[in-house]
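Each of the two complexes below includes chain A, the first together with chain B, the second together with chain C.
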Partner chain A sequence: MSETHEHQPISLHRYANAGLLVGALGTIVTLAGMFGGNKVAWQAYLFGYIVWASLSLGCFGVLLLFHTVNGKWGLPVMRILEAGASKRNFGLLAALFIPFIVSIGRGDGYLYKWSDPAVKATDKVIQFKEPYLNLPFFLIRAALFFLLWMGLTGLLRRSTRKQDETGGMKETDRRSSWAAPGLVAFVLSITFAFTDWVMSLEPHWSSTIYGVWWVVGMALMAFAFVTIIATLNKDKAPYAGIVKPSWTRDMGNLLLTFTMLWGYTSLSQYLIIWSGNLGETISYYVQRSNNHWNAIGMATVLGQFFVPFFALLSPRVKAQSKLLAQICGWILVMRLLDMYYVVMPAMRDLPLPSFWDLVAIVGIGGLWTWAFSGAVKEAPLLPAYDPRLTEVEAHAH
Partner chain B sequence: MLKKSGTKTYGVVAEFDSPEELMSAANKAREAGYKQLDAYTPFPVHGLSDAIGFKDEKVPWIVFAGALTGAAGGYLLQYYTAVIDYPINVGGKPLNSLPMFFPVTYEATILFAAFGAVFGMFALNRLPQPYHGVFNTPNFERASQDKFFLAIEAEDEKFDEVETQQFLETMNANNVSLVRETPE
Partner chain C sequence: MAREVLNDALITGQQTYQSIDNSIGSMVLDPKRHKKNWYIMFGAAFMLLNFFLVSVGWLLYQGVGVWGNNIPTGWAFDIINFVWWIGIGHAGTLISAILLLVRQQWRNSINRFAEAMTLFAVICAAQYPLLHTGRPWVAAYWLLPYPNIMAIWPQFRSPLMWDVFAVSTYATVSILFWFVGLVPDLATLRDKATKKLPQTIFGMLSLGWRGSTKHWHRYEQAYLLLAGLSAPLVLSVHTIVSYDFAMSIVPGWNVTVFPPYFVAGAVFAGFAMVLLLALPVRAWYGLKDLITMRHIDWMCKIMLATGLIVFYGYILEVFYGWYSANPAELSLVQWRFRGPYAPAYWMLILCNGIIPQLMWVPKLRRHLPTVWVVALVVNVGMWLERFVIIPMSLTKNYLPASDRMYYPTIVDFTMFFGTIGLFFFLMWLFIRFLPVINIFEVKDLLFKMKQKDGPKETHVEATVGVE
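Our next item is the complex of A and B:
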């Protein structure tokens, strides 16, 4: 773009301290509410946790996809994806997971009804599912998920850091052979994890496309997250000259694809349950039709599918980074609303958000930002010696 | 433009060994002010359509119109069969069951969008076209094997048989030739 004047460098880690402060405060307040016996605070904590876990896992999934297919689109945002899915972030999420174990261990039924002995005593379905839905097995599974995610993300990060020093394409090929089976393990682990953590909030209900739906939703969230960061900083080093219409078009097309996949998985689940019309499976949509939840559901149909779908159809929109950033912001807001619609009705009959929801999501988000900032600071924002980056620059001109 | 021996001139065509040489030549030609450029390659070259200044604003709209036609047609077909022509109670559901109509509506949308893309492209390119002036380029069959061709067409305002040839000869081409609409 311009070689004559220096670009102001981007600093993604400038919010680290603010994140830590706000995060610690919000999380402590939420935990105080929870352990003071406030059920709404527990629900808010679970929702906040799922939102930020989705972002980390979405970054991880997109990173695995990138290392598998080696598309040039991923190079400018690889380091942001790595930071979102860093060992720090997964470590933080593992630590923040402890309250769920406490709740299940106490059998208070604040979140997971299947853990409440009083409910279990009279509920045949929960009794039947007990060999799977019990604390030790739940805990072992969660530990395995975190081990898998941290191990795999650590492996990929070591490889890209090594390549920064050695250069060459050997590490790229090595990563591809790890990331492809990694992607399979990732989708399986998400299916099991979100079945455990979210679907089991409604222990009578089940859906087989549920895991894929989460995978698609979190990937969409991660694509919007990294695209908004890159496009908003397109005039700063090192993005100047790299975030160009050819790149934003690629990202716009990926966002469009995942928007369509979101629509596809959401509709598939609804269509099958609706046409089957069986008592045990329709409970999910019955709960989400009552008490004005259906208004939120309809808002996600329009806002998470139709609006971004039509906005992202035009190649001219995708070539303008400012417009694309706005669409990404919209998608992120809709991801929040959609996750609210999926998670909350399992615990609440009324769609009204509470003060605790805000505190918990900002609190966990603050800690997340702090961990993310630490991981961003560790490495140059662009993979320094990846030979394809010069291709991206040439391609961008 | 000059008209030698009574035949119309198609343009000047340069042959290159690699997509990079073609890209750089196309960029230079566009920067020099040529507008009627075309390129022929054995495989799609990323960014080439930008390099030759090719802008397509019609096909997407034809695709969009096709998609709307498909969506309306797919839905109305089901509405007509299930509600008007042969109403039948299935599981107590309403006759006009939008969720149930979605898959076919969706498929019809995609089908007609694809028709729009393929036939719109054919129509705008005036295909099928059994004969084209560029076929008279020497060695042109290699365009589907291993050579890369850049054409500056005679319709271009800036086109001049001598100057354009000289211009392309500065580009490291294997061969630059003046091509007529009909063989000489």
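Our next item is the complex of A and C:
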């Protein structure tokens, strides 16, 4: 920390105003399109929402993992994770959730076909699932998820802030005993949230690995997000002296692990469904191989797995912040493409992106950045309490 | 601070390099270290082994009809036990390879033990695919793809074929890894031995190891390479075992979460087995300073974490069984909940879902009888899991007309208990004739601890290393 004065300080919150402006504008335009009856705008909004929600949730999952295992790797980026998963961001996401409720309530079927009474009247499977897929229960579940996430993230944040003042390791131990059951609750909540929000877009289809797949994907996204921030600012205070090869190697290995897990879960799901070839499950991949969707699928196989996999195997890439930052950027782009491949074919037959997609994702992203900036400004970027942080510093030569 | 003390507790007591050599090495060189317990356990294992031999004899004489397998339950105890044993082996590979790669020092005193367990578990597992052919002497002919003039090949699209490759690779790499890790310790034993016979045997096995810098350098490289090779095997073997089921369309088998859920279950059972064996051994042979409470605490935590993943799998099976709205899946969920085998299902939930939750409590993780009982319960639970997945799904199919109950026979049971005998028979021989704890790695750890914290805190006396 002694190097603080010598380096220009990092300001992660400098995009707050721009974010608010762009975000408000983009979101308002999208909402106007949606409520003007444009179906494509609805689809774009859902996609944009899922992307930013999974970034926040990914940050939250990684934060819980860090507090559970207490690895040294998480100390430099803990505050960024906290900000990404802040109560503000979850609050924002909860507010942005309202249009989905409206759509389901109106039964327009723009997004969720199961909510359309006309579809339901003739569809036996949807009728069967009604005890689960209905507006009140859907709403209650979403409310419970947001309450859980906001409550738990608030608890962890209060504890690290308190420890900044009081020091000592008591809070660390207390947090790990909270974070472990928190992680369990997190995985369960993600499983059901993404079953509700994304899987039920195709109401006939189901897959048991789906929740695991999302957890892995969002964690990968969050690792790439925090690593790119830290590595790009490695010469600025407080990261100077902390972001060193020993740390980037750890992060590189974590990124490699989650890249492999992504490949593992994606391949398992594909292979098992392809091999079974049962009507109700294969429909998912039939839809995603027709109309050139398979080109995007192949691109994710290469881009989300093989490229980062081989790049991250190399110790040289992991030792150089600049190279690692580039890989992280690549991973983030691929996450976007991969989520597009998972979410969009449920609503669109052609893989063509539209103008609305851009407006919605930038709009929601702007608001997300604004909320993130607010949270990141509240606390010092490095936790002051942990003696291991100086160890990280000393270790990193 | 409190956490430092816990970290240092990887080795406790007044230890020197000499004392470590003695406390581990003398288990091999001094028969007096083996008290009554060893003879009782070895005798019991040998008796069970005879169950195995008699059952196999009967099986070969009569044919596989002595088992309870029928149509539609063509797979039963043979594959349940195969999967159970293969799973148990996984802790060894995880401890040896993955914990080495992620630089977890607490692996050092339990890895040898766990690796041996892996090998013996694979040996037990291998009995079933060989014997279920009814003609094990020609099994290689059916299992392995070899070029022949009739151009007949096994079905490469079958996951059972992938299993042959996965398991044989696993066995090969595990043996190499275990043996390479043993070489420096075998050399220590060769040097310590006073009698001619052990000197000759250990001398041959230690491959001329002299402990030169060059030797160590090569050794470290080879060991790391083997670790890198083994690490993916932890995932791949049980993934492919799960494909044996998931690639088919039997209700309850075509489940996409099977691969990670099977891998977690394997590690879960494996850690339970390590605890089940390590707790008595450390008590009987006075190894409490080397396998410390810190190790046990960590193993309990891993058991808990993997157990939670398995429990998550059970929840998913039930929820998506319903959510799929598929009549076959639905009736399977009903069959598990309320069918004639329902007690097995509920016992499974109790053993793998409820009881391991005790491990959340730090006090219970330190209470050894509780840990031991939980480990035992988990091993029973993991066996039940395979029973629930395999015969219970096969007895309930798409066509109600093909439903038929499955009952194991006495030979099914004697063969299963027989392999437990085989496992323990090998395990007790290992405890008698090879160093159960990695001597040089513990010494290395002791050295590092001394370097890090100074002699005062860690009770390390500065002595000259004996190599």
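Assume the second predicted complex is superposed on the first by the 392 of 397 C-alpha atoms of A that agree within 3 Å, B and C clash if a C-alpha of one lies under 4 Å from a C-alpha of the other, contacts with A are read in each partner's own complex, and residues count from 1 in each chain.
The rule is simple: a contact is a pair of C-beta atoms (placed from the backbone, for glycine too) under 8 Å apart; a residue touches a chain by one contact, two chains touch by 3 or more.
Here the structure is a predicted model, which means the values were calculated and not measured.
*Asks:* Based on the shared chain A superposition, would you classify chain B and chain C as clashing or fitting together?
*Replies:* After superposition on chain A, chain B vs chain C: clash.
*Asks:* Check whether A:Thr153 is in contact with chain B, with chain C, with both or with neither, and answer first, second, both or neither.
*Replies:* Neither partner.
*Asks:* Who does A:Pro315 touch here: chain B (first), chain C (second), both, or neither?
*Replies:* first
*Asks:* Per the contact definition in the header, classify A:Leu271: touching chain B only (first), chain C only (second), both, or neither.
*Replies:* In the superposed model, A:Leu271 contacts both chain B and chain C.
*Asks:* What is the contact status of A:Asn233 with respect to chain B (first) and chain C (second): first, second, both, or neither?
*Replies:* Neither partner.
*Asks:* Would you mind checking which one, chain B or chain C, touches more residues on chain A?
*Replies:* The larger set of chain A residues in touch belongs to C.
*Asks:* Touch test for A:Ser246: chain B only (first), chain C only (second), both, or neither?
*Replies:* first
*Asks:* Applying the document's definition of touch, where does A:Ser189 land relative to chain B and chain C: first, second, both, or neither?
*Replies:* neither
*Asks:* In the overlaid three-chain picture, which partner chain does A:Thr30 touch, first (chain B) or second (chain C), both, or neither?
*Replies:* A:Thr30: touches no partner chain.
*Asks:* From the superposed pair, tell me which chain A residues show up as contacts to chain B and also as contacts to chain C.
*Replies:* Looking at chain A, the two contact sets intersect at 271, 275, 277.
*Asks:* Could you list, by residue number, the parts of chain A that touch chain C in their complex?
*Replies:* Result: residues 125, 128-129, 132, 169, 180-181, 184, 187-188, 191, 195, 204, 206-212, 264-265, 268-269, 271-273, 275-278, 280-281 of chain A touch chain C.
*Asks:* Which stretch or stretches of chain C touch chain A in the complex?
*Replies:* Touching chain A: residues 1-3, 235, 239, 243, 246-249, 254-260, 308, 312-313, 315-317, 320, 323-326, 360 of chain C.
*Asks:* Within their complex, state which residues of chain A touch chain B.
*Replies:* Its residues touching chain B are 246, 267, 270-271, 274-275, 277, 313-315, 395.
*Asks:* In their complex, what parts of chain B are in touch with chain A?
*Replies:* So the residues of chain B touching chain A come out as 46-47, 50, 60, 64, 91, 93, 99-100, 102-103.
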